[in-house]
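Quick notes on the structure that follows.
Chain lettering (A, B, C, D and E) follows the sequence in which the chains are written, and residue indices restart at 1 in each chain.
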Amino acid sequence: MARFIKKQKHEIGVAPDDLFFRGEQKVKEVELKIIDFDSNNLEEISITDIDDAVKYYTKDSVTWFNIDGLHNTQIVADIGTKFELESLILSDVMNTEARPKVQEYDNGIFISIKMLRQDSEDDEILVENLSIVFNKSILISFQERTGDVFEPVRDRIRKQKRRIVNSGPDYLAFALLDIVIDNYIYSISVLGQEVEELEDRLLTNPTQSVMEDIIFYKQELNFLRKNIKPAKEMILAFSKIESEFIKKSTHIHIKELMDNINHASELTDSYREILSDQLNIYHTTISTKLNDIIKFLTIFSVIFIPLTFIAGIYGTNFDFLPELHYKYSYFIMLGVMLVIAILMLFYFKKRKWF
Amino acid sequence: MARFIKKQKHEIGVAPDDLFFRGEQKVKEVELKIIDFDSNNLEEISITDIDDAVKYYTKDSVTWFNIDGLHNTQIVADIGTKFELESLILSDVMNTEARPKVQEYDNGIFISIKMLRQDSEDDEILVENLSIVFNKSILISFQERTGDVFEPVRDRIRKQKRRIVNSGPDYLAFALLDIVIDNYIYSISVLGQEVEELEDRLLTNPTQSVMEDIIFYKQELNFLRKNIKPAKEMILAFSKIESEFIKKSTHIHIKELMDNINHASELTDSYREILSDQLNIYHTTISTKLNDIIKFLTIFSVIFIPLTFIAGIYGTNFDFLPELHYKYSYFIMLGVMLVIAILMLFYFKKRKWF
Amino acid sequence: MARFIKKQKHEIGVAPDDLFFRGEQKVKEVELKIIDFDSNNLEEISITDIDDAVKYYTKDSVTWFNIDGLHNTQIVADIGTKFELESLILSDVMNTEARPKVQEYDNGIFISIKMLRQDSEDDEILVENLSIVFNKSILISFQERTGDVFEPVRDRIRKQKRRIVNSGPDYLAFALLDIVIDNYIYSISVLGQEVEELEDRLLTNPTQSVMEDIIFYKQELNFLRKNIKPAKEMILAFSKIESEFIKKSTHIHIKELMDNINHASELTDSYREILSDQLNIYHTTISTKLNDIIKFLTIFSVIFIPLTFIAGIYGTNFDFLPELHYKYSYFIMLGVMLVIAILMLFYFKKRKWF
Amino acid sequence: MARFIKKQKHEIGVAPDDLFFRGEQKVKEVELKIIDFDSNNLEEISITDIDDAVKYYTKDSVTWFNIDGLHNTQIVADIGTKFELESLILSDVMNTEARPKVQEYDNGIFISIKMLRQDSEDDEILVENLSIVFNKSILISFQERTGDVFEPVRDRIRKQKRRIVNSGPDYLAFALLDIVIDNYIYSISVLGQEVEELEDRLLTNPTQSVMEDIIFYKQELNFLRKNIKPAKEMILAFSKIESEFIKKSTHIHIKELMDNINHASELTDSYREILSDQLNIYHTTISTKLNDIIKFLTIFSVIFIPLTFIAGIYGTNFDFLPELHYKYSYFIMLGVMLVIAILMLFYFKKRKWF
Amino acid sequence: MARFIKKQKHEIGVAPDDLFFRGEQKVKEVELKIIDFDSNNLEEISITDIDDAVKYYTKDSVTWFNIDGLHNTQIVADIGTKFELESLILSDVMNTEARPKVQEYDNGIFISIKMLRQDSEDDEILVENLSIVFNKSILISFQERTGDVFEPVRDRIRKQKRRIVNSGPDYLAFALLDIVIDNYIYSISVLGQEVEELEDRLLTNPTQSVMEDIIFYKQELNFLRKNIKPAKEMILAFSKIESEFIKKSTHIHIKELMDNINHASELTDSYREILSDQLNIYHTTISTKLNDIIKFLTIFSVIFIPLTFIAGIYGTNFDFLPELHYKYSYFIMLGVMLVIAILMLFYFKKRKWF
């Protein structure tokens, strides 16, 4: 969680259209993947020279430019020039620390959202900014890192799935956002499963470390929620845009995004409630255990108190202490002690103290 | 609760109109029950071959097709073809893990909602997705499991109840949703009664297991609430649809659905508050009990402390210890000890420590 | 509170216009009181035969039919027929367990609300459903129980108070609702006074029973709030209805209802806060008391610990233990013990432990 | 706080235009102060006979009638007749227990709000209802008590301040409400200073009485908040009224009222948070202190336990107990005891128990 | 935090257009910096005589007057006269304790907002009111203190950055507000880093002082939040103003302000959650530690209790006590004691008490 907050390089007073990359460099080389398709044809290439990209810039087919890596300001500026993007869009693209947003510009729609991915190696959640710009025939997506999150969409295009190849960049944008939100739900589910597995440890061995894990998962969920909440607002804003760049038939799919992100948000809330219940169980279990110990031990001590007192009495050295001189005094004393102990146990039992 | 979350098979990147069944297979054979009725006639059959269904597809009478079982993608696709349903509706039907929703399509209205049923055998709440598609003369309902929840509606049709046989599929849809929400209220009531019965155990025998039951019911109520909340949103959206498929006279009934689901939601909240009060009582009772034990035992110990000290004094072996040699020293010591004990008891009583 | 929830006889799948009484029978005989008045005349009778009622059904004067008792479905159905009420209104009247609501029908406005009354004998709050149907010249009120809650309104009519006899049934409906809400405020005030009296017991004698009373009043307030909240919604809906049956001049009074129910709701909230403060005080007082005991007793024990140890030393039977043989050893030992005790007391005092 | 709630004399079923004074009599004699002014002239008198008032009732100048004392129903009725006020306005004026409200009538605007004043003598907050009625040339203000809260406004009129003497009764109403809200802020500030002074006592001497003070201030703030919240709603409603009686230029001032009452409300909330933080500190300090005592004392006891045990061993009377007969046994025993005590202290230190 | 609240000099009953400075004097001399620029020219001077300012008052170029220091009422009044500002604007400027607000006047737009700055020397957050008035060609900014917060904007103007020199005062106002909000985010980040560093101390050495720091940061964050919340409202209101003074192209930037302040608000909330988690950890760690001590020590005591009792038995002086006279009694007793101690340890281990 700290990660996210710390990497904040907030430059005070930078002009809104200055190209200034606020994130960390996450890849070595900026890479550009192009898929150009219509209902009949499909062309797919991967280039590093931006100049080669422009020839795919045709109005007839849908062209999806995917750019991995944002640290090279010059290349992003070049892309802006080639594709005639407004300077404000470019600075939005570079500002990877901003809140998710959707913005309608004259020559296209800009969308940004945080992507989450459970990193398979380090078992931590990676956050990355995704920016999407699209108009009627082109969609440009900017990722911070090379990744294969969008492979399912590419596959669907390759397999010439009816709906995606017949639709425009707006539907493609929906498909990308859909994957991002599916990844939210996946991240929550993974976390959720770990949260549920906590429950066993909680009942068998409630140590301080369980408590720390609960706090840890609580922070992770807060982190997720902090990303989901503005994404929700963004998608709501997206669903309300009425623009020539979004076909009417796409609105039904954006509504579906809304449903999915709501689902993600409700899952998060429900795991938060589970965690807070677990914290509750933890506290009760711990205190029940301490109570048990104290109860047992106190009862134990109390039984010996009068017995030790009696022994003390007969340990005194008075000249005249008649009981000391009877023959069976010692055994009578032991017997009386036993009776006292038993009576006390009965009394405690009756008052349900153990 | 875990059940619901775990069965989540969220496939990332599936196209929205792919037919992909996300639930578990809950019945062996897909079954199709048909009721065809108007104000005068009633025909009721049960078939397994979809082809036989189409002949009931007439615009004059109201026909209700009820399909139990969704795992067979082919059959659902066939139903789609026969009844000319959009592919998006079909994928909505199959996606039994989605949030409740209502969607107006060109050729009908799609509604999905979670059905709850208290399973009489296992004493657990079963969740199941119900999808309803209706237009002006047909209503198709998709259930995951064969069940008799809708028998009361069938009975009303069979008995030729005036309102239901004179109304269209929109009213039939209302009647089905009404039963679903009635089942919500029933489930809450059953749970609520168990919650109220907790109160006795709480006062007579507040063990750790009562605490665990409280947490359990809290989770069950959270689970119910998680289903009721989106259902409420869905019914609100339903009440706002203005469509040729919903007659004006049906709106008053949809408003009633709204009232019922609000009632369910308020019941849930009120049981949640009872549970949180019970948790409060549990904690106080437990701590009161521990306090009682500690108080009693500490007082007990304290009374013996000075007495044992005095016995210790006269257990010392000093050559010159005058008291040891007086004749009644021993009895005087016992008397002094008694007086000390009584005085301490008085003091504790005065300070209201017991 | 349980009372209210338990009497729930929720029949699943009943048609909305089936006449089915969901409450308990609360009176033996259905009784019908009629007041017929205009600015000049007043007639007031009490009948049991519904047929006699119809002759008062004139458009010129305002007629108020008050029916006590709803268990006899036939009589309610008769009333429906005589007064040409829609079947949906009748089933609303019978459904005494439903949420408060207001519904505009073609031939009148239907209002239902829960009435509360502090029962003078049993000191418990009685809940009862009140349904009101009115059009331009008639108001019919349905109560579950014979009662005199509406006597003040009858008195005002009898005394020919200017505003009430010059207004129509809409103003009469306001007057009835006004009394219902006044009773809410009265119930809260009674409860509130008891809550405030708790405070004394809390400070003088904070036993477990005070805690149970606090929980009890909390539940009672929750119960009240559960009735007030939907009533508030209902009155808000009422204030928004634009109907021929509600004169413009009545709207100012409905706004006043709104103010009153808001006042009731704020009173409830304020008592809830007082209760939660009291719970806070209870917990601190209890724990302060326990702390006092433990502190005192532990200090007491600790002073004797080294003293008893010293006595133990001189109780040993070593052949060579020089102190035993000095003449004043015993008195020196006693003196040393006293000094130790006093020093410890000083130390504890200095550290402010008592 | 109780004060406010207890004085509630809620009469059930009173007609809305009955003149019925619900408060307590707070002054002996009803007093009427009149200020009549326009941009050039100023006349200021104080009368007790209402008949004398009417002659100031001219349309050209602005006339402010201020009435102190409401218990005399007849006089208020007279005022109503003289100034041609609707009977509903009069009953609003008398109903000093009602929620703050603003109501547009045909012949004027009615405003009521609670006035707070820190009583300099008794150090308690006095609550009083202020009602204001104004039309285009007259403003009548009704106070329950004679007071000088409005002196600053009178002073500004006397000094012929440009804005107030050039404006109508609407601006005068704003000026009065402004003073009322300024008094809210003043009351909160006074309370707030006391709350902040609590902090010292909290750190130096956290006794039960500090806790009770915190609860007390919490209730006082709740009381303030209960008055501010409906006042906020009222001023919001006031700012939305579009009436001939409110000049457009006055709207900017009403917006300022809104800002001020929001400021008051935020101050209240911020002091509530401070109080809840203080409660938190109180609990931790108290429990830290108890922990210290218990920790110290338990450690102390534990060190003596094995020592006393050893002394006990050598206090036994066995015939054959070799150690008793060695010459330096006693001193060796004392030495061993010292070593044990020191080792235990080291161990506790190492585990950071003190 | 107290600082802010205490400096409140709320004068009751002051007329809204009285010039009355409510803050503290924060600079010695009122200073006036002027930047006059258009897309080609730039003039920058610093004066103390207001009369010199007016000549820059031209409609062609954008002129930014920045005034540091507000305590001299006369100078502010002069500025008002020279620039033909309404008296209400001037009193708004002087009222530095008011809530942030935006107000559209006939001859310009008035904005006020609190500026925060982390003071590098004293390590405390300074609060200061910033007022901005602008029309189509002039922007006047009023600060309470001389400072260099706006240097980045001046730099951008000096460097003739395209967007800022081509835009009007509305864009300049945006740029200033942007810096204010950037400072909010910076302050939160600084605080946030300190909060995160708390975590280490929390785990290694959770003393009372950590607790006090947590409370301190909580209050600091509350203080920040109290400033951010009304700023958020103000910017929302600003974004909704439709005025001739705000160009359409500026709206996109105001929306960005909205995003930034939302980001600040979410950061605050997220640190508040971290703090409340830390408080949770603190309490558990503390209580875990106490539990450990009590558990260890109680177990320790309990083992010695029966041993001391046995020694006491054989310390009695009975004439007839057979065990005392056997040769190996003493060693058998020691052996039995050892066995008892070991058995008890096993038992405690088995019950997982240590």
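What we mean here is this: a contact is a pair of C-beta atoms (placed from the backbone, for glycine too) under 8 Å apart; a residue touches a chain by one contact, two chains touch by 3 or more.
Labels paired with UniProt names: A, B, C, D, E = Magnesium transport protein CorA.
If you're wondering where the values come from, they're calculated on a predicted model, not measured in any experiment.
Colleague: Counting one step for each move to a touching chain, how far apart are chain A and chain D?
Modeller: Counted as steps through touching chains, the separation is 2.
Colleague: Can you name the chains that touch chain B as well as chain C?
Modeller: The shared contacts of chain B and chain C amount to nothing, since no chain touches both.
Colleague: Between chain B and chain D, how many steps is the shortest route if every step has to go to a touching chain?
Modeller: 2
Colleague: When the Cα trace of chain C is superposed on that of chain D, what is the rotation angle, expressed as a multiple of 5 degrees?
Modeller: Fitting chain C to chain D on C-alpha positions yields an angle of 70 degrees.
Colleague: Between chain A and chain B, two touching copies, which fits better, same or different residues at the interface, with half of the numbers shared as the threshold?
Modeller: Both copies touch with mostly different residues.
Colleague: Please work out the Cα centroid separation of chain A and chain E, and write it as a whole number of Å.
Modeller: 26
Colleague: Distance-wise, how many Å sit between the C-alpha centres of chain B and chain E, to the nearest whole number?
Modeller: One centre to the other, that is 42 Å.
Colleague: Which positions in chain A touch two or more other chains at once?
Modeller: Correct list: 294, 301, 308, 312, 315-317, 321.
Colleague: Show which residues of chain C lie in contact with chain D when the two form their complex.
Modeller: Listed in rising order, the residues are 151-153, 155-156, 161-164, 175, 178-179, 182-183, 185-186, 189, 192-193, 196, 252-253, 255-256, 259, 262-263, 266-267, 270, 273-274, 277, 280-281, 284-285, 288, 291, 294-295, 298-299, 301-302, 305-306, 308-309, 312-313, 315-322, 353.
Colleague: Chain E touches which residues of chain A in the complex?
Modeller: Residues 1-2, 5-6, 8, 10, 12-17, 88, 98-99, 101, 103, 208, 211-212, 215, 218-219, 222, 226, 229-230, 279, 283, 286, 290, 293-294, 297, 300-301, 304, 307-308, 311-312, 314-317, 321, 323-330, 333-334.
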